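Residue numbering begins at 1 within each chain, and the chains themselves are lettered A, B and C in the order written.
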Amino acid sequence: MKYKSNFFFEKIFKTILKITSLIVIGIFILLFYSLVERSIPSLFQNGLEILFGTSWDPNFEIFGGAPAILGTLFSSAIALIFALPISLCIAIFYTEYGPVRLRPFISGIMDLLAAIPSVIYGIWGLWTLSPILKINFQEPIIASIGFIPIFSGPAYGLSIFLASLILTIMITPIISSISIDIFSKTPMHLREGMFALGATKWEVIKNVVFPFAKRGVFAATILGLGRALGETMAVTMVIGNSYLWPFKSVSLFASASTITSKIASEFPESVVNLIHNSSLISLALILLIISISINFVAEIISKKSVGG
Amino acid sequence: MNMRRTKDLLMKLTSTLITLIMAVPLLWIILDVIIKGASALSLDFIISLPAPFGEVGGGIGNAILGTLIINAMACVIGLPLGIATGIYLSEYSNGSKISALLRTAIDTLSGIPSIILGLFAFSLIVIRVGHYTALAAAFALSIIMIPVVSKATEEGMKTVSVDIREGAIALGLPKWVITIKIVLGIAKSSVITSSLLAFARISGETAPLLFTSLFSYYWPRGLNEPMASLQVLIYNYAMSGFESWVVKAWGASLLLMLLVLSINILVRRFSTKVG
Amino acid sequence: MSSNKLKVEDLSAWFYEKQVLNRVSLEFPDKKVIAIIGPSGCGKTTFIRCLNRMHELTPGARVRGRVVLDGKDIYTEMDAMEVRRKIGMVFQKPNPFPNMSIYDNVVAGLKLMGIRDKALLDKVVESKLREVGLWDEVSDDLRRSGAQLSGGQQQRLCIARALATEPEVLLMDEPTSSLDPSSTAKIESLVRVLKNHATVIIITHNVQQAARVSDYTAFLYLGDLIEFGETKKIFESPKNPLTEKYVTGRFG
C-alpha cells in the first residue's frame, strides 16, 4: 500500500514539474510568435524601410528605423568603449593592487550601482546631471572645438553623449564584477612562476592574468553590451528622443533616439494606429534579434573558457 | 628596470583612481535622491491619492499600493514556475529533450530586454482583453523572475553532495520526498536569496509596465484594471516638467530606492553567496 | 667551507598569528647543491620562499631576520624584483605559461628585462634547452604551447626558464614530486650539473633523493633548523637523534 501511494505521489510530482517546464517553454515560444505576429503589418507595408529608412512620421505612415537602430548601436558601443577599460581597472585594483580590506566596499559599490533602478538613473540624468554637463562640459567644448562636426552645437543637454555616459555607469558594475571573479581565478602557480622571474605586478597582470581572463572578460563585455542595447528608461529620459542624429546632425551633443526610447516614448499614442504600433513592435523584434545573437555568442565563448 | 617600475606604479595609480571615481556616481545618486526626495515626504504623501492637476498637495499612495500589488502577483506567477523549473533541471531532467529546450528558454529569457517582455504582455494580453491591465504587468515581470529563481534553485540543489543523497536513499525515502525535504531544504537559502533579489529587481522595472498596467490616478479597483505604480509615476512626473510633479517624482524615487537597496543590502549581509 | 653565497640570519616567518619558521640561521656555500629535508608542514617551502621574497606575496605573511646575498640584505638593500631575478625558482608543480610557446617560456624572464635581440634570444633558447636535455625533444617546433609537453618535459622547460636569466641561486621546491621515476632521474642528474653555474637549494620529501643529489643537507622540523652539514655526515653520523630518526625513515 505504502509503495503504491509513493509511486502515485512520485508520478504527480514529476507531472507537475513537467507541466511547469512546458509552461515556461510555451511562454518562450509564444514570445517570439506574438512579436512576429504583431510585426507583420509593418513588415508588409514598410519592407526594408524599417531597417534603412531615415525618417519617421506616423501622420504620413513613414516608418524608417535607421536613426533609432544606429542610436542603439552607437550609444551602446560608446558605453562599452568607456566601461571596458574602467572595469578592467576596477578588477585590477580589486584583485591585485588594492588592500584586501577594501574588497567588500568595492563589491558593495558595484552591487548597489547594479541594483539602482534604471528609472532612477533616468531622473538623476535628466534633472541633475544634464544641466551640469550642458553648462560645464558641452558648451565649453562646443565653444572651443565646435568646428569639428561631432562636437558641434547647439548643446542639447539631453543628448546621445549623456545617454552613453549613463549607460557606462550602468554597465560597468556588470563587466567589473565578472572580471573580478575571473581575475581571482587565475591559477596561483602561474602568477608565482612570473613573479619568480622578477616580474612586477603589472607584468604579471599583463603576461599571466590577462591571457588567462581574456575569454571570460570578452563574454562579460558582451553581456554588458546586451544590457546597454536593451536599456530603456534611463536612455529614454536622457537622450531627447529626436530623430536629429545621425542624419541631420552627427554631433555627440545632439539629441537622438534609440530603439527602446522610440518605443517607450511613442507606444501609448501608437495604439490607435495599427501600422504605427506594428512598426514599433518590429523595431523591438530587431532589438530582440540583435540581443539574442549577442547573448548566443557570449554563451559559446564563456563555455569554451571553462576549458582553457 | 626603472621604466618597468614606473609602469607598475602608473598602473597602480590609474586603477586606484578609477576605482575611487566609480564610487562618485553611486554616492551622488543616493545623496541626490535623498536630498531632493526628502522634501516631498510626509505621511500625506504616502497615504493619499494624487491631487487633481493644478491643486497643491496630494500623494502617491495609489502608486505605492500598485507596485506592491503588481509585484505580489508577479511573485505568485514567477516564483512557482522558477522554483519548479529549477527543481526539474537539477533533479529530473536526465538530458531529455524538454530539459534542453527548457534550458535554452531560460537562458534566452534571462538576456531579453525587459521592454520586449512588456511588448509581449501587451500583444498577448492587453490586445486580447481590450484594455490596459495590471495582470499583464505582473505577467511581464514574472518572466523576469523565472530565470533568476530557476538558475539559483538549480545551482543550489546541484551543490548537494552524492553522500547526502545516498544517505537519504538508504533510509528508503522516495525520490520526491528526498527532493523536496532534503535537497530543496539544503538549497533553501539560495532559493530565498534569489527570490528576494528578483523581487528587488522587478520593483525597479519600469519599461514592462508602460504598455501593460499604464497608470491610474485612483486607488486600485481590481486586478484586471490599469494600475498606478511607483516606477511609471516617477517616469511620467519626471518627464512632465512641472516643478511640483518633479518633486513628487523625487519623493517616489526615494521610496523606490529605499525598497530596492535595502533588500539588496539585507541579502548581501545575510548570505555569503549572492546569485 | 668555501665562500658563502647566501647567508640566513635569525629568520622567522608567520602566517597571520601562526609562526612557521623559528629563528633559522645557516650559510649556503657557493656552487653546491643543498637539500632541505623534513616532514611535511615543517616549514621547508616557507623557508625557501623567504629566500626570494615570494613568501610576502601570500596574504597574512610576515618575516623577521636577515637574508644576505653576496653581502647585501635582500629585504632592506634590494628590491623584490631584483632579488627574484638573481635567485631563480622552480616550483613543485610544473607551471609553464599556457599562453606562451616553448620559446617564449624560456625567454620570458629576459623579455621582462627588455631584451629583444632576436639572435641573442635564439642562442639562449638553444643553450638552455640543451642544458636541461629538452632540445632534441622539442627543437622541431618551438612555437608549440609549453602546456602540450609531458609533465617531466614541462618541469625541465621551467628549469630552462629559470636558468635563462642566469640566476646565482636556484631554488627548487620538490621539483620531482609530481613526476614519474624516469623524469625524476633526468631532473636529478640535471641538478648535479647545475651547481657548476649556481648554488642550488632543493627541497625534497624524499631523503634518498637528498642523499643522491646534494652536497649539504639541512633538516627542518616544526619550523626549527635541527641540523645542517655535509650530506654524507648527516646521513652517516647525524648528531641529533631527531635527524637520525628522520633519515632512517623512522618517522614521517
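Everything below uses one rule, namely that a contact is a pair of C-beta atoms (placed from the backbone, for glycine too) under 8 Å apart; a residue touches a chain by one contact, two chains touch by 3 or more.
A quick note: this is a predicted structure, and the numbers were derived from the prediction, not measured.
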Reaching chain C from chain A through chains that touch each other, fewest steps: 1
Taking each chain's C-alpha mean as its centre, the one farthest from chain B: C
Chain closest to the middle, measuring from C-alpha centroids that were averaged per chain: A
Between chain A and chain C, centroid-to-centroid distance (C-alpha), Å: 50
Intercentroid distance (Cα basis), chain B paired with chain A, Å: 17
Centre-of-Cα separation between chain C and chain B, whole angstrom: 54
Shared interface positions of chain A, touching two or more other chains: 200, 203
Sites on chain C at which at least two other chains make contact: 81-82, 112-113
Sequence positions of chain B contacting 2 or more other chains: 4-5
Sites on chain C touched by chain A in the complex: 52, 54, 57, 59, 81-85, 88-89, 91, 93, 95-100, 108-109, 112-113, 158, 161-162, 165
Chain B - residues contacting chain A, complex: 4-5, 7-8, 11-12, 14-16, 18-19, 22-23, 25-26, 28-30, 32-33, 36, 80-81, 84-85, 87-88, 92, 98-99, 101-102, 104-109, 111-117, 119-120, 123-124, 127, 143, 146, 150, 174-176, 179-180, 200-201, 203-207, 210-211, 214, 231, 234-235, 238-239, 246, 249-250, 253, 256-257, 260-261, 264-265, 268, 274
Contact set on chain A toward chain C in their complex: 100, 187, 189-200, 203, 207-208, 211-212, 308
Residues on chain A engaged by chain B in the complex (per definition of touch): 6, 9-10, 13-14, 16-18, 20-25, 27-28, 30-31, 34-35, 37-38, 86, 89-90, 92-94, 96-98, 106, 108-113, 115-124, 126-128, 169, 172, 176, 200-203, 205, 223, 226, 229-233, 236-237, 260, 263-264, 267-268, 280-281, 284, 287-288, 291-292, 294-295, 299
